[in-house]
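The following pair of complexes shares a single chain, chain A, combined with chain B in the former and chain C in the latter.
Coming up: the complex of A and B.
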């Protein structure tokens, strides 16, 4: 065997070994790094409506969340009633949500509770806008992880004008507005 | 052109078409959800010019930041609460505090009452300070008003008004407890916006009941006297779920009201009917909250604008 051939063979063996070790280290690091999921930072969301239109799922994996600890339980709820509502009641013509996904329940004079029917919610964010402008901002959007397929590149994140989509650990998959929130899907 | 060259042109053209189609689908799929998904307050932002009763003058600009509260002394000196301080305008004299005030008032002796979220700090004219006991854990002191006999403190957290006697003859009187039997509905305060002011004529006081869009008049002992309310997005009503966020009384007893959500400042007559508009929504940032208002002895209206960090000045159009 010529000395040059011998060197080439040695270099090849070294290279292959380095590749193997590198690959093993990378996959070990990967299995140790937490699984990440997409989530919306409610403080950054500008309620543009793209969460309803850009998800690969139809209806969107983004849903409205409601923080009961922040809510004022208002009779005149900016998230429930249209700005031009003629009455403060459950009449379809008064409701802001286009899919009637918000339920209004009388608690005691003058308090009302608002619950989101997730199956009907399309994540359009109109109620979030109304609640932020006129109320306490207790309604907000979140990616529901029992629905989301966790696309490598979230189609909404790509279209989001407010940079509100974040990659966060799956172990804490929601960016809730209040620690006291009971409703976590 | 060779066959290879032609094939390349076809390949590039097809790829461009595929990319353009992908971009189009990505951006416009279900993009138009329909008219029912529109949300616009534009029609309510426009005010009929005939309703404008005040014109804006040069604003006063404090040197402290994060301004929150406004009060006027009897001699006309304007006091502004902001980042860990109270400042007088226009001389910019600053009184340092350990926290940012949530409310502010002065009495005729120029004693300064500063709401520091959960307690009142009393600062005498000679600078001596006295911290009052806090009414409780949930306390959020959103407004203070003082006359010769009493200091009224609005506590949005507990939905109460605390009346402190200047004679210091006992614990504060609690005003605002629900009493359905006597038709007292209590204060309904969805967010910490709860303002009050003492009548200039009869010693009674007015308080906002913001969840009801109401202004309520009480005797000093807490007995209700009268009330009026006006709900609605239109210019003669109060919008949202907790408005007016602030108010002040004009020398003739009329109300200067300020709203959040649809920011606007108006004058309502004593019976609640709309007299005129002081500042229309398009004169403020959409997001502004906390437009505290005060009225000078000559009827000049001062509006604290936290977004611009200015005290804006409005004079009646003659």
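Coming up: the complex of A and C.
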């Protein structure tokens, strides 16, 4: 065997070893790094409506969340009632939500509780806009991780005009609006 | 036995041609084809009837009024008859008034401009762990902010456990309570409860409760002097979400805006509780959340009030000097005088702003609308009143201001131009803001305090720290000496802001 052939063999072995060690290290590092998921920063969301139309799922994995600690439980609810509503009641003609996904329940005068029916919510954000403009902003959008398929490149994030979509650790997969709610969560 | 037709005959022409060759063949074709034709026809008829009879609304239910289980609208929001004993009761505690200097005696401070003019130097930067918290006090849910005089901190609170309005007096030193005067009042949380700032003089403290109850007590001891139920006594309509009107003391008189059928504004003697004068309310304007501001126009000091319905200028003796209609639905900010005998008023919820020119005419005044803007077009604020400094107006834009929403902005009222804004990454919710020692202090909804350099050219942030935990930190900021008082919805804190 010629010395040059020996050298080539050694180089090959070293290269293969380096590749093996590097690959193992990379794999270990990847397994240690936290899994990331997509989420909406409610402070940056501009309620443009693209969450409902750009998700690869139909209906969208984005749903309206409601913070009861922030809600004012108003009879005159900007998230439930159309701005030109003729009455403050459950009549379909008065409701802002295009899919009637918000349920209104009387508690005691003058308080009403509003709950989101997730199956009906399409993530359009119309109620979020209403609640933000004429309310406390207790309604906001979040990606539901039991629905989201966590695309590597989220189609909504690509279309989001306000950079509200963020990659966050799966261990804390929601950006809830109030500290109080975080403690409960 | 079957006779099969050739493949070449399996076509329309082929089948017809094949038809009639032999009787057997005909029979075979009929036996095979007839059931298929009958079944296909029946299937087609069934499909057609199903298609025609399809009810697209099947499975849907109608949403009709009354499905929330609530009472009819006609029975809601009926004013409940309250019989409140405004004298209530006085409780005393072991707090001791502070000897520290400085005061913040009412809403927007001593000069009604939200600018602190004390000589104390305030820190230009803060330690890594933020400004030092000297003391804190738990409060009932609300947005009421304190007034400070003679080492005492006065705050109008709501005691949720006892269901009572409570005017509380604390020591500026350590936040210990000195006395508390409270009266029972049924009130339900409606975006918080308390929301006004008392007015305090050496003589007395004047406070207005969320349901329009006015009380005047001794500033030192809390002894009760007199009280008024504006709804019951003067026909006031309680504004949506309770009242935010901060009362005013001027020359020993309480200046109030009941906006009832018999008086738009009125003055009450602080010593006796007697009504000194009333300004008529011919337009039937209603009480807003705005507060009466003493402004000087054409060299004359007058009371300016933005009611729900319009804005009015009233002389020190209660005579209407000028008025102008403005149909903003909810008005929380108060009027601001700008150069050229003009008055600027703004409101949230889509109202935007109104700039009014007040001119002398004959022996009186006339008000003319100079400009009216939507919230996306010019300076507008939803809750807080803009600050006028060196001819420029500073404020926080409302939620419906488009790209500028919730940004801290500077506008030039003379040119109408936006001078600068804080940018899309710096938004402050509905935050209160005020000016001291040539620095702006802005508190956002979540309790983050930001210190800005006063600049006519651009946004310059000096420091930022989250000083409060809670949400809805909407109560205006007060400063006495170097002690800054801030609150969120349930807690008040005192920060040491002196130069390091």
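Going forward, the second predicted complex is superposed on the first by the 180 of 185 C-alpha atoms of A that agree within 3 Å, B and C clash if a C-alpha of one lies under 4 Å from a C-alpha of the other, contacts with A are read in each partner's own complex, and residues count from 1 in each chain.
Heads up, the rule we're going with is that contacts are C-beta pairs under 8 Å (C-beta built on N, C-alpha and C of every residue); 3 or more make two chains touch, one makes a residue touch a chain.
Nothing here was measured: the structure is a model prediction, and the numbers come from that model.
Taken together in the superposed arrangement on chain A, chain B and chain C clash.
Applying the stated contact rule after C-alpha superposition, one finds that A:95 touches chain C and leaves chain B untouched. Once the two complexes are laid over each other on the shared chain, residue contacts for A:172 go to neither chain B nor chain C. In the superposition on chain A, contact of A:126 is made with chain B only, not with chain C. After overlaying the two complexes on the shared chain, residue contacts for A:53 are found with chain B alone; chain C is out of touch.
In the superposition on chain A, A:158 makes contact with chain B only, not with chain C.
In the superposition on chain A, A:110 makes contact with both chain B and chain C. Of the two partner chains placed by the overlay, chain B and chain C both lie in contact with A:75. Within the superposed three-chain model, A:87 lies in touch with chain C and out of touch with chain B [touch as defined at top]. With chain A used to align the two structures, chain B clashes with chain C at 369-377, while the other stretches in 9-17, 63-71, 369-377 or 459-467 stay clear. Chain A residues in contact with chain B (one complex) as well as with chain C (other complex) are 72-76, 109-110, 133-134, 136.
Residues of chain A that touch chain C in their complex: 43, 69-70, 72-76, 87-92, 94-95, 100, 104-106, 108-112, 132-134, 136-137, 178-180.
Partner chain B is touched in their complex by these residues of chain A: 49, 52-54, 58, 72-78, 83-84, 96, 98, 109-110, 122, 124, 126, 129-130, 133-136, 155, 158-159.
Put simply, chain B touches chain A in their complex at residues 26-27, 29-31, 33-34, 36-37, 39, 41, 44, 185, 188-191, 211-213, 231, 233, 239-242, 260-262, 286.
Put simply, chain C touches chain A in their complex at residues 62-71, 73, 76-77, 188-191, 240-241, 349-350, 399-400, 427, 446, 469-472.
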